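In what follows, structures are represented as structure tokens.
Two complexes, one shared chain (subunit A), two partners (subunit B, subunit C).
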Partner chain A sequence: MSAGTQFAAAAGAAVALPARIVEPFMYGLQRLLGIKRMPWVFLVPNLTAVVLFALLPVFINIFYSVSGSDRLYPWDRPVVGGANYATLFDCDNFLDPSTCSRDLFWRALGNTLVFVPVQVTAMIVIALLTAICLNRDIRGRGFFRGIFFFPVMLSPVVVALTWQWILQRNGALNGLISSAGLTPVNWLVFPNTAFFWSVFVTVWAHMGFYTIILLAGLQSIPRDVYEAAKMDSATPWRAFTRITLPLLKPVLLVVFILAVIRSVQTFDELYVLTGGGPGSATMLMVQYIYEVGFAAQPRNFGLAAAASLLLGVALLIFTAIQMRISRGGKDD
Partner chain B sequence: MASLTLENIKKSFGAVDVIPGVDLKIDDGEFVVFVGPSGCGKSTLLRLIAGLEDVTDGDIRIDADSVAHTPAADRGVAMVFQSYALYPHMTVRENLSFGLENIRMAKPEISRRVSEAARLLQIEQLLERRPKQLSGGQRQRVAIGRAITRDPKIFLFDEPLSNLDAELRVLMRVEITKLHERLGNTMIYVTHDQIEAMTMADKIVVLRKGVIEQVGAPLELYNHPKNLFVAGFIGSPRMNFVEGRIDAVGEGAVTFAADGLPPLVLEGAIEGANIGAAVTLGVRPEDFLVTDKGWPATVSVAEQYGASSYLHCALPGDRPVLIHEPGQSKAGRGDVIHVAPPAGRWHLFDADGLALRKA
Partner chain C sequence: MRRIMKTTSALALMVAALPVTTALGQEIRVWAGDTGTGGVLFEEMAKSFEEANPGVDVVVEEVSYQTIVESLPVQLEAGEGPDIAIITDLGGLSRFYLDITEYVDADYFEQEWGQTLQWLRGGQQTDAIFGMPTTLTVNGAYVNLTLFEQAGVPVPEEGATWEEWAAAAKQVAEATGTEFAMEMDRSGHRFASLAISYGAEMVDEEGRPVIDDGLRAAIEQFVAWHQDGTMPMDLWGAVGGATHRELFSDFLNANVVFYFGGSWTLRQMDTEVGDLFDWAVVPTPCGPSSCTAMPGGGAMTAFAHTQHPELAGALINHYAQPENLDHYISTEVEIPSASSQIENGVEYPEASERTREALATFTAQIPKMADAAYRFQGWRFQRAMMNSLTTRISQVLNNELDIDAALTRIEEDVNLAIEAAGGQS
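Moving on to the complex of A and B:
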């Protein structure tokens, strides 16, 4: 008997015993409720979890965004209508955050609008290049695949603390730089370098995940298609643009959506690494929401809820557009 | 149109010598089939000619030009892959024109070549479809079409029919043969199916373990196999072998003896027959004729094909033999029939497996 059939037999025995108890019970339930209501019996456990932990918070969030005061319980909170939204949008000039009553919101929004495209582009390009390298017959391929995936398994706080240790004024990087006789740079103190390292660290931490997905996509492209392209006088670049990219399109689309959502949600790494600084140079939307709602005194739940709802709506619109595009891609 | 010369071609993967050294000359316009069991190096040899693998040593010449180190695309060869290897995201038209666009051929010329190939292969109505919308046979045509549009000096086919069902395989076999007649290009065709080799080739190259066992026209190989391997590989069902020794050499006849079998007089002379030498007798199933003398064979299974019959028999000493009788055999299970080969329709192989030449 093979290991597989042994396992199946063992699993069968394990199932058989409870089935003897469960089956009469389920039949009884079906007689009681009628067969048409039975699907609900199976759906209720999952549905409860979804309602409690996803749907309900959304509605609570909506209520918080239209209510005021620093009170926690909804019944203590007076309804203020669109006042929170009005506060967020209270600007003389939308292009100049300092003219807004909540300038940090607009700065965080601006940062996010720069951070997400830059980070996602860098992430996909680097992950794709890495995947292409790892897809070749190189020595120690398994080792490198492991190495690139390793950061994904680390806690975001560990990632941030590690890089802080490297990047801080007396950190490892500056140690290397000064031992090479160059002038150390205070990487996390200047807005531009802090922004660069924010992108770098988040890409470093997550690219392994996307590399694995892209690698799987690359491996699904048959080798002989490339051989045919080689016989067809295709240069490596043309094989990449005309064969690899089109055949990788469905996988790239998935990677793109996941990367964008993930990028918009960026919080923990940067909160620990830069704290959103210097000033507000690396503060993104989620950190703003956190600070307004939980870190600042008094806690402004209403404003935080309004801001997070706006972010949610933006992501929803983005995903809808993506789904349209991906459906369009399936047709052809 | 081109001739191809392989000069002492060697190929090793690491420590494994897949092809220890092959010399071969293929003439202009020939249809050559590489045949052999799996792992004999036939596909590797084809890939070396294509330029998909680098030779470890030796030279490949197309006409007078050495191409051993020329990139695949510049050798003037085109390949049809076993898996078709069509570009799945491109239409048939794009599949056919991709290679021509890559060499920056003028648009009107591309379009002319694509329509010509499509007309030749009768796939004109499929030009706007994707490969996944095509049947196996249609994909095969597109793969061949892709090779045709490049107008190569030499066509290479790597087991192109192995993914098709039996009926379609017979059809495509005929079509490829016709295509060869029409185009007149040199074609090299790899297969493990000796029927494909027999029916399509001008010249068959039988390979085993990276070594050429014999080169020749199909019937030459069938009638005059150089050794036991070729004798056993070419021909289906395979040749019957009986081990024994030469008992007597007479005028125009040899007497073959084996333990437990009555001596058999084989009519026809051979060179270098020594009395007492250990030899293997080879007789094709259709050459074992049912006579009143000869070896007694007990029928274990009689397969009636209608037009002919196959008798699975056992000679004394439990030696299995297969006998192909034209027409519908009257022999049934358990019957004992007597069989012997007619004059000259037998082969003797020495202890090294080499054929003894007929005089």
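Moving on to the complex of A and C:
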């Protein structure tokens, strides 16, 4: 017997030992519960983790949203019913935040509703274009793939501070503009430019991740399909619209869902870059929840929990629609 | 077999004896922020306390200021955390404090810190002593004297109003090509100095927010300074929410003539500017009502969850002794909070001449502070109002709200905070 075979046998025995110890116990359990219930035994460890770390926090959040006071422990918090929701929805005109009791909640919601479509569209378009470029046989392709992915590895705070340094009044960008003889712009002071840079910075920071996913999708499209199209004199645009996009659809859907969820969750970059300003021009929902629940003194956990649950419900509805659409696509 | 029995018995005895040994050694944990010398001085001063109390171990842990502001309240809420900490949210944490009246020299504490002890009571009607105010910080204005000299504009004298300072600073900025005339930290605490000097009461005796003509006048003036370019939008205009922001670097780089910050940046000024340009801390500008600045500062408090209340109180009493206080204040180059130190003055052997002058100017502002400033500083919902001030004023500067709406919102925000805390103001 060779040394390799001996090692394999020893390793096999070592692996089998715990199984041998557990086996009688599992037989006993099977006799006790019956074969049909046995799968639950194997699911218990994972289910426990899901209940403890996913379901329980959701239920705690629900309780916080219907309870008041600034106390931390649930048993110290009096139940106030729907008072927190009533405070959030106390509005004369939902389209005019200034008529709402919690105007910042509605401003943050409005900003999120504008930010998400703009940012996700920009993200997907730019990531797709980048992936197409990186999929071509260009010089230094590996280097460029690394370069585009690099920002993904940076801490969001580092990203925001770097861009703040670039965009501030005496920042690098204005330095370049001044040296070109042009008038510098105070980018983060005006609502429109601050919003533009908020979208830009978050796209810059995350597009590498989606580019890699799309690149993998592009590489999975068989080359011979393109060769056949080329033989039929199809233009590059026609090949893109008739071959690339349809075959990339499942990957695009995944990217879309991931990008939307990430976009709704945007907080850290903007909190450091603009603090939600100017005024409340770049304050998104998560920042509102953070400010109410953690920055405020005393902390209003109930209102923050109510706002976060509403956000969760909105995401749930969106995901359900997405799943329905994707299922519909498969049926076709 | 006998050997095994012996070993087992010895081990069992050791394990049984463990809690007894631990109980004999009493440990007091103290949290100190990482600013200045951090916990070094407190650790040093605790040695004589440990010598006088054999078996007592004082553990001074140096933690980040952020931990004290954000993590400590959550730990205290959960009944955990250190026995003692040096904190800055004096009124906001009042319900967690231990009453140390019976463990300290109460008359001495009242005599030294009569008014500042009130801050720690957070509006409660009590004579209880909840801790020892360590230092006092004072909001104040830094002025670039070199720019004034270059512009040939006389520096306004003590008693000059905010408007006079703004006009002079603007004149200097225009004459010297300096980017901005005035800047103020984006902080509700700094703004409160302006507001109270304009007559704002901020909070009444019952602990309810006061929205009055003084606050309105201060906001109107503040907005006007942003509109006419006296103040840049970068601080109050460009940032949203309750985010604290400062641009003291503008003053360090001589990009602004007048900067309203506070005494805690003195050390930075001394180190980073030195003799590059001539600067000074000037007496607080006056408003129609007073020439007040906001006081602030830290306090050493013991918490109700401590297992050793008597020791915690005794340790605070030890730190409060005059020789320890003097050593701490002079080494840290801070403004004293004890009245005897304010009256007699403190020696700062390691500070530069300019820093000593600046400290003297800051200290001279203390008697001028309005009652409203002290009341606001000790209010449990001070932070709620300060956060609302920064948020709402930024919205006014960006035309999201007018001043009337902002004032209504500020009142609503604070009332919601009071309601969220169970309605106890």
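To be clear about the criterion, the second predicted complex is superposed on the first by the 287 of 332 C-alpha atoms of A that agree within 3 Å, B and C clash if a C-alpha of one lies under 4 Å from a C-alpha of the other, contacts with A are read in each partner's own complex, and residues count from 1 in each chain.
Going forward, a residue touches a chain if its C-beta (ideal position, glycine included) is under 8 Å from a C-beta of that chain, and two chains touch if they have at least 3 such contacts.
Given the structure is predicted, the values throughout are model-derived calculations rather than measurements.
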item: Joint occupancy of subunit A by subunit B and subunit C, clash or fit; value: fit
item: First, second, both or neither for A:66, with subunit B first and subunit C second; value: neither
item: Contact breadth on subunit A, by residue count: subunit C or subunit B; value: C
item: Which of subunit B and subunit C A:243 touches, first, second, both or neither; value: first
item: First (subunit B), second (subunit C), both or neither touched by A:222; value: first
item: First, second, both or neither for A:191, with subunit B first and subunit C second; value: second
item: First, second, both or neither for A:232, with subunit B first and subunit C second; value: first
item: Which superposed partner A:303 touches (first subunit B, second subunit C, both, neither); value: second
item: Inter-centroid angle subunit B-subunit A-subunit C after superposition on A [Cα, multiple of 10°]; value: 150
item: After superposition on chain A, the shortest CA separation from subunit B to subunit C (Å); value: 49
item: Parts of subunit A lying in touch with subunit B, wherever the complex brings them together; value: 222, 224-225, 227-235, 238, 242-243, 246-247
item: Touching residues on subunit B, where the partner in the complex is subunit A; value: 50-52, 71-74, 77-79, 81-83, 85-89, 98-99, 102-103, 146, 150
item: Residues of subunit C touching subunit A in the complex; value: 70, 73-74, 77-78, 89, 92, 232-234, 237-243, 245, 255, 381, 383-384, 387, 391, 394-395, 397-401, 405, 409, 412, 416-417, 419-422
item: Touching residues (chain side subunit A, partner subunit C) in the complex; value: 68-73, 87, 98, 101, 103-104, 107, 168-170, 186, 188-189, 191, 194, 271, 274-283, 287, 291, 294-300, 302-303
